[in-house]
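Okay, so here's the structure we're looking at.
Chain lettering (A, B and C) follows the sequence in which the chains are written, and residue indices restart at 1 in each chain.
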Amino acid sequence: MTEPIIRVERVSKSFGRVIALRDVSLSVQPGQVTCLLGDNGAGKSTLIQILAGVHRPTGGHYLVDGEAVQFNSPREALTRGIATVYQDLALIPLLSVWRNFFLGAEPCRGAGILRRIDVGYCERVARQELEHLGVSLRDSAQAVGTLSGGERQAVAIARALHFGARVLILDEPTAALGVKQATAVLGFIARARDRGVGVVFVTHNPRQAHPIGDRFVVLRRGEVLGDYRKSHIGLERLADMMAGGDAPSSRLMEQQN
Amino acid sequence: MKLLVRPEASAAAGALLIWLLFAAIAGPPFRSLEGAAAALNAAAPLGILAVAVALLMIAGEFDLSVGSIIGAAGMSVMLLTRHFDWSLWPAIALTVLLCAAIGFGNGYLVVRTGLPSFIVTLGSLFVFRGLTIAVSRQLTQRTQLGGLDEVAGYRAAQTLLGGDLVGPFQVSILWWIGLAALATWVLLRTRFGNWIFATGGAPEAARKLGVPVARVKIVLFILTALAACLVAVIQAVRFAGADALRGEQQEFRAIIAVVIGGTLLTGGYGSAVGAVLGALIFGTVQQGIVITGVDADWFQVFLGSLLVAAVLVNNFVRSRVAGTR
Amino acid sequence: MSGAVKASLSRRLRSGIRALPILTALVTMVACGSESGPSAGKAGAGDAGRSAVRIVMVTHGQTSDPFWSVVANGVADAGRELGVRVEYQAPSSFDMVRMSQLIDAAVASRPSALAVSIPDPSATARSIKAAIAAGIPALSLNAGDEAWERLGLLGHIGQTEYEAGRAAGERLAVHGAKRVLCVNHEVGNTSLDTRCRGLRDGLAKRGAAMLVLGINLADPEDATQRIKNALGRDAAVDGMLTLGPGGAAPALTALRESGHLGRIAIGTFDLTPEVLAAVRDGRLLFAIDQQPYLQGYLAVVLLTKYLETKAIPGGGQLIRTGPSFVTRETAADVIALAKRGIR
């Protein structure tokens, strides 16, 4: 069994008197998709914010590559290869695909006063990275706003992968998409997984999660309702749990080994 | 059809149609060299402002104080030379520094307080206009000063800034085009340009990706102040004097020119070339009306109609480009 | 009209023609082109040569200003009576940059002749010289009595500011004033500065003194307050001269509110119905009429005649249209004429 890239052990998080998470454990393996399921208010957002470095847990441990870490900002997490794609995608609709792709990391050539962006390189690489996910664009100079919802997700994911993400946290990527687009996104997730990236797929839709996931962690009211490997849980049971079938019980934690 | 979707497309068509319109109505006088010069000379000062204001608006901010800075800078040059007996070029240098400081102040306030730049620079508009009038009256009991042509260094300034380029065409046109070319290059070909777009399009997302949003904005405010300074100095040299009320309402005209040129009021999208075309349309209309022989009061009616029309067209373009319903 | 037009236009927009701003321009321009005002002079007495004559006047005062409205009336009347086309252009505020642009545009339009006011000679010198270099017959009116000759203009029609100021000073001194406030409402206009200078010299001849007070007409409340403050600060002030009706109104208000009406002798430049009423009632000692109607009228007449005969009075001289002092005795007549917009 390979070492998980990141792992949280029994983390809790409170905001004042509100307990958002209690005793949550989760691990992310390279080349695997971990689905984080739960209804609104279950604590999914808080958990991924801890993973992304936005918040520090008030209890428990956060380990990256086996060593304990404390992130002070999302940038620190990013430098460790933990990339998060939020619902707004951090994309600028009016800008072209390649400008969005390389924003903040524009490759330049020339020196001094003639320092300029290497536009050819940007256009080419942006297009290539999208091809790797299976999206072919006519022209990476087209505005992101003209892309479909699924294609925009592809841009955000491809950007994260290109800049060295080892863990990719996707916050409800299919929430606003129709069936066809959502399926395309699942395809991107598969390709990312195939490249050895550890994916955390946050969703409240078990029907989408089940085909793509290798592990399923279900949260309810800040606690882990269940943590299953694919072989140990079927779609019906998963959907049932989401709909509120079982009472929360930490004894249902399936051990890793 | 990609060309039609560029921000400058509607402005270019507009400029061409305006020219054809006046060429038809006003005839040979408009088509003459003097007619073209009259239009371009009127467009140039507005164009210099519009280019800088365009960059700032793409980054999502407004600078309403540029008109007041024009008044202040012109008066600064005159006071330094005529009241304190400096020679011209040191006076210009100090004035440039002063304007840069004003721009920095505007930018810093906006970034620090998070207040809309509309409000902050509206305040600057009054403060600096008031200061210009108060200081000039305090020192000279006048709000209009003349006699710059008697100051050392004037001849060189005339050639470089205030004089004629060739025939009836003024040097200011060259400054305008040069600055527009520089701005376009920065916007489309440099990292900083990408940051300008990002700052206007999605500042939070940009920040997350490491774009120094605050720094971008402050730099752009300094640039608009410097553009105003350039216009003021050019006019002070050309008219051998300054007027405390000079530059009034130029901030609004600049914004209109920028919007006509295809830049969005909401930021994140636009071009410096468009601002050039917007200023050109302005100058052509401004002088074309007079050459046609029409009472100049109708100009304001046209201004208002054009602004509304420009915003409508902008919305249309944006909905096509950004894919919003 | 515009609502329906814009609706059908935006339908065309969807098929890719970005015509809206341009078509709006077209519509507005067509509307403008048919506008008639001071700019349309119908050919009158059937003289074919005259109907081809086009005279453009560029001044620093808008027709919304009652003073310049009278000038424009003079221009329009002359145009109509002579059968020539006349146009009146002015910037929307006191703006020398815009005024020189207007002169440039007027020159580019190749008029038969040009008339300009010169409130700031160094600012508009280049544009005026360009007009003359282009061979356009040009004269000046109203402001510029000290600059017109060296700029190469054919003549100047107006009132010499210095002499008017001096005459006013003499009148006030004769009346008994010893310390007179010169209220300048347009600081920067060199003509007004000259009036104050003339006032000072006219007073000095009879041993009286002058002080200058600048006011900003954009805020009449503030102007009134300033005058009151000035009176309060210096109790020895016993005379006042305002340089225009814009200054006269706040001055009279200030005098009334501070109770000085009657104690302080006050005269003013230029006429308005309010000023004339004040003269008739004795609140103002006199009003100086530079006879703006004649400035506009004569400018057009002299230029038309020059085009036809190459003759100009005095071979190129300053033609005085003032100062004419309107006093209590003559006020009633002038009021009647002012109602017709010609005084």
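Operating definition for what follows: a residue touches a chain if its C-beta (ideal position, glycine included) is under 8 Å from a C-beta of that chain, and two chains touch if they have at least 3 such contacts.
Note that the structure is a prediction, hence the values are computed from the model and not measured.
Asks: Going by the contact rule set out at the top, which chains touch both subunit B and subunit C?
Replies: Chains touching both subunit B and subunit C: none.
Asks: What chain lies closest to the overall centre, CA atoms only?
Replies: When every chain is reduced to its C-alpha mean, the one closest to the whole-protein mean is B.
Asks: I'd like the Å distance between the centres of subunit B and subunit C, where a centre is the mean of that chain's Cα atoms.
Replies: Measuring from centre to centre gives 31 Å for this pair.
Asks: Measuring from the mean C-alpha position of subunit A to the mean C-alpha position of subunit B, what distance in angstrom results?
Replies: 45
Asks: Between subunit A and subunit C, what's the gap in Å when you average each chain's C-alpha atoms?
Replies: Using C-alpha averages as centres, the distance is 74 Å.
Asks: Tell me, which parts of subunit A touch subunit B in their complex?
Replies: 74-75, 88, 90-95, 99, 102-106, 108, 115-117, 119, 143, 145-147
Asks: Which subunit B residues qualify as touching subunit A in the complex?
Replies: 185, 189-191, 193-194, 197-198, 201-202, 205-206, 208-211, 264, 268-269, 318, 321-324
Asks: What residues on subunit B touch subunit C, complex-wise?
Replies: Residue positions touching the partner: 1, 4, 9-10, 13-14, 17-18, 21, 25-26, 28-30, 32, 34-35, 37-38, 41-42, 45, 137, 141-144, 146-147, 149, 168, 235, 238-241, 243-246, 248, 260, 285-287, 289-298, 300-302, 305-306, 308-310, 312-313, 316.
Asks: Quick one: which bits of subunit C touch subunit B in the complex? Just the residue numbers, please.
Replies: Contact set of subunit C toward subunit B: 10, 13, 16, 18-22, 24-26, 28-29, 31-33, 35, 37-39, 54, 56, 63, 85, 87-97, 100-102, 104-110, 120, 122-123, 126, 130, 134, 187-189, 212, 214.
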